[in-house]
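Next, two complexes with subunit A in common: one pairs it with subunit B, the other with subunit C.
On to the complex of A and B.
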């Protein structure tokens, strides 16, 4: 038992370490090397070469003339101390930008993913119960149509209709201007108002897939013998629905949840750009457009860490729900 | 679906060594089993029928573009800001710079079709390779492969694609499709593996093993045919993901482009303020409808194909059996995304 938790926790650190190494490698692969552009610009401005090197070293804790392994070690040590370098375009430590933006991304992704699950599962379960009814047919149709609409189409349309045409919601930003970021009523209201459209468009498109999956799972389980037996025993419909069917139908979806979380965290790159919602994805794109490599890698790293932690938590809770997981007896090798 | 046919044909020709069957009869049987019945079942289901028709429509559009049957898009080829159906020479209307929208949509199709096929083939091929080997071999191999795919799963897809796109700036649609689905296989591979874990306990797999059949052969002949339904359905979903992601990234202006793409059209429309005025709404809507149509086709096909592979539905539909009317033969499309 303990063994599983220890192993799982160790894997989190290994994964983060590997992703950090990957970002180091990717920086080196970027077109023209990491700081060629900046360097030529500074040199052209008449900054002496030694100072240029010093500045660049300061930006990413990299000494451009050092051997690559030394650069790597420096980079990793700086990361371990929470130093991600300076943003070139915003002239601010990357860490402070990330600290400001990460909560918004987590807020949108978490709220919308929970909504997707709750709504999708309830819809799917109801459809499975009334299989073949008009309700089922209508909602199956709706689910399939929703699945074929990418969320950014919904986002653009929602922005067009609700923000620009009707003016019900703000068109950009995370909170209103001049609202103090404190735990006060106006701040929360403003945050909700600004987050409403992104969350709505991120939720709506994903419900269909979840509802259909839940419907399929439930129907399969409804056909099982133990459900028949439960009916014969005269158990109440409600008890059968929640204890016998829903539980087992949700289980396989929980693993899908891990994957979903990853796709959804990544998808914020597009979502936040449409709503000018200054979260991690927004800064990733703006860093990309300004060749701001430290910020770009910082956001990438933080999105990944958020995902790794999310999956970790989900994994640990999954083993609580399904005892078979933590037993994890490895199979015979052929 | 090509692989299914060849796979199962091989399998059949090996096992049915009955000498009294003539080649002709056998061919007939194979045709009946592998082509006629699936097609019949597929066509009987409205979802597959519509899915096929929609996809055929897009293929036709691609063909029109490749053969040059419709004018290529270029600026000032038409009056600016024509609404849709205003002038039947330009049925979808024109953009701010006088480009025929229909031409933009049509000439984007071949590259998109190439891209989604390449991405889906890549994702499913890698997933099948890793999933079956890990699941069948077990032990150390399984540990290594699954740790690797867990690592890949831990990297959020789109940001990685964006960084890779900036780094390598792939313009070839086939390469681009692969880059977009570079990490898609991980989730699919994992779920394939867990299915292989049960398949490998089957008697016939054990029989092959004791007979000393090599591992690749067992995986190819005994394991993969069982997974075909799942693989096909997820192939369709992988294709859909490539399209969603690529159009989204083109829309952001992140991917390099040399040819037309619906996302590029969407991006231009968005950036020239199509959001603020009705006169440019068609510019925004045309690519959106193109995207949704193609994904609807793919989804319907995926949903319908699930039934084609379901043996119970299959026998019932072809009228060979009446007794298998069961509640649990319903589709249980398991989507990874």
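On to the complex of A and C.
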């Protein structure tokens, strides 16, 4: 048993190491260097070319390019100590950029994913309960339609309609201008207000899939003998629905929840761009545009680590939640 | 809930005025009790029936613009830094020396009250009332500190300057030139939009003894002091907040209290901002015709020459495109009017002649010689002329494709930057025209970073590239003509060799020999206007005949103002001719809250 936990934990580190190495290599294969965009930008800003070249040469003297293997070793050692390096484009430690951007992304992803599950599970359960009814048919149709609309389409439409046309919500940003970043009522309200549209866009489309999954699981369980027996025993519908059906139907979705959290962190790259929401995804795009290797690595790593931890936690806790599964052997959730 | 009520509600909650922005304009227009009440909700200082102006006539109102330079909290205000200087904010905080007006084609003084040019001496006189926002005078010492630091960073000013010192008083700066220099070049250098008066000595003096890298790494974020119409107040992830600088030399004409620059990275977000009336001004933004049609009536477009635009660049070491006749054939085939019509009829002008001079300035500089310049058919494909040139160059048409003597088709990869949407359309048009004539090109669309490095490393045969360096400087032909020859943006990667070229004579049927590099360099050191004009005409003629680069269309920059709630100058006011109107007009007192 202990051996199992050790193996799983070791696998987390190996996975992170391998992903870090792979991303390091892939990122360096990107065309251009970190100063190409800067050069273009300065030229377009009206700075004469010779002056631009002199400025960039000065910058490169400060950060000379070492051989790639040396950079790799330095990076991995620094990484092991929790040092993600300095952002080339922002001239700031990557850790501090991640520290100020990650909470916004986590906020949107966490709230959205919880909503997806709560609403999706409730809807799916009701559909299963009234299987074949008009309610079931209508919501199955809606769920399938929602699943087929990418979240970024919803995001663009929501931004256009609710922010630009009606002016109900802000068009960009994480909190209002002039709101002090402190744990205060105005700050929380402002953060909620700014997060509303991103959360809405990220939630709406995903509900359908979860509702249909829950519906399928529930219908399958409703046909099981023990549910029939419960009915014969004269138990109330409510008790059957919650204790016998819902519990068992939700079980397989638990792992999905943890994994989805990790996966959806990556999806914020597009979402945050649409809403100019300065979270991880926003900085990832900014880093990509400027070939800012350390910042790119940092944001990729956060997303990877979140996913790996999601799988890890799911693996470790699944047996606790479903006693039929015992730890070891074939109990891996994913 | 009425819009006014929405505003008050929003303010009470978070002081975030996104909905207020939408309603403010309408609130300003209301001269009755309701309007005043709404303003009172924000400022607490208006009375019913009137707007909330203070005793200086300044309204507690925010002009909302935008920046797409980066998240403001990551940016700073050191104009000498290589990275993360937000020039959009900096332009409001720091006054410039002078400015070039594209309407009048003349310079206008800004931080300077005068400049004079005498042999190898340039005297700059700062305005008497030019002050830092601390109330202290901007002195010659501040400018000298700045210029000395610019020497470290190898700024172009020092291409022709030998030394800088104080003149007869602390408002006079004297530049001693290393050689006799054309005053136009000095004027354009000083009036270049990126050059601001920012050398606040208490901050910058310490860098005089350090390496250039130190000043280029310095991020000026705290205790920022400028001399422009607005002072730095604060910045966040969302916006820059700038407040009216009461010590600005023309402060009495600035009638509003705050200038806010929202962080909007995306063109679509900026366009939506104008559409939803969230933004009052945008300094420069490409807006396609279909979107322009949907903008509210209050939004006004100001178009100004970009002195920049789509052209064709050749690798002069290439076996085909290194031949002058092939380049000329290409020029004959391309219908420049069609390229402009397809890529942006509202914002692109075809170059009337291929000369290397900005279209707006061609006739005035070329004078009587203008008509003798080859036009290469600005609105037609001149197939016969092109075919004759290719035959003379040794090519034959076979199976609809032009081929060399070995049977290789004439064409190849035509490079173009990915994601530059109007350029993609222009490239499609150009390549279609060339292939319809019998060339065999395929489009190679690559990311911007790759695009520059491919040109810099000469790994191309032919492709799309801008044919003028842009900015006000390009109005003086010396700059674009020299730029086309040595193309510093790509480190001379087009391999146009510095040597003598034999081309048809400007007059008569003979030939002339010219080293365009030497000739254009002579302009820099000549103060005799007639000699300058003659040299420019000769180099332009070389450009017209030898085609170091092929200019096709010129872009018009689009700048945006709104009249809803704001008084802006009429379309025929020359003050609109300085870039950018949203930066220049407020300090002229020509962009203020509407009192009607």
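As a convention for this text, the second predicted complex is superposed on the first by the 273 of 334 C-alpha atoms of A that agree within 3 Å, B and C clash if a C-alpha of one lies under 4 Å from a C-alpha of the other, contacts with A are read in each partner's own complex, and residues count from 1 in each chain.
Convention: a contact is a pair of C-beta atoms (placed from the backbone, for glycine too) under 8 Å apart; a residue touches a chain by one contact, two chains touch by 3 or more.
Remember, predicted model here, so these are calculated numbers, not experimental data.
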After lining up the shared chain so the two structures overlap, which partner does A:273 touch, if you call subunit B first and subunit C second: first, second, both or neither? both
Pick one for A:193: touches subunit B only (first), subunit C only (second), both, or neither. second
Give one of first, second, both or neither to describe whether A:49 is in contact with subunit B, with subunit C, with both, or with none. second
Check the residue A:254 against both partner chains and state whether it touches subunit B (first), subunit C (second), both, or neither. neither
So in the superposed three-chain picture, is A:91 touching just subunit B, just subunit C, both, or none of them (first/second/both/neither)? second
A:162 in the overlay: touching subunit B, subunit C, both, or neither? Say first, second, both or neither. neither
Once chain A of both complexes is superposed, is A:72 in touch with subunit B (first), subunit C (second), both, or neither? neither
First (subunit B), second (subunit C), both or neither touched by A:172: second
Show which residues of subunit A both subunit B and subunit C reach, each in its own complex. 31, 159-160, 164, 273
Show me the residue ranges of subunit A that touch subunit C in the complex, using the header's touch definition. 31-33, 36-40, 42-51, 53-56, 58-59, 61-62, 89-92, 159-160, 163-165, 167-179, 186, 189-190, 193, 273, 276, 278, 282, 286, 291
Using the touch definition up top, name the residues of subunit C that touch subunit A in the complex. 3, 6, 13-19, 22-23, 70-71, 74, 82-84, 87, 153-156, 159, 192-194, 211-213, 216-217, 219, 236-239, 241, 260, 262-266, 269, 272-273, 275-276, 278, 446-450, 452-453, 469-471, 488-489, 491
So, in the complex, the side of subunit B touching subunit A is made of residues 47, 136-143, 147, 150-151, 153-160, 162-163, 166-167, 169, 187, 191, 197, 200, 209, 215, 244, 247-249, 251-252, 254, 266, 270, 275-276, 284, 288, 291-293, 295-296, 298-300, 303, 326-328, 330-337
Residues of subunit A touching subunit B in the complex: 11, 15, 18-19, 22, 26, 29-31, 131, 144-145, 147-150, 152-153, 156-157, 159-160, 164, 209, 212-213, 216-217, 219-220, 222-224, 252, 255-256, 258-260, 262-263, 265-267, 269-270, 273, 281, 284-285, 288, 296, 299-300, 303-304, 307-308, 311, 330-334
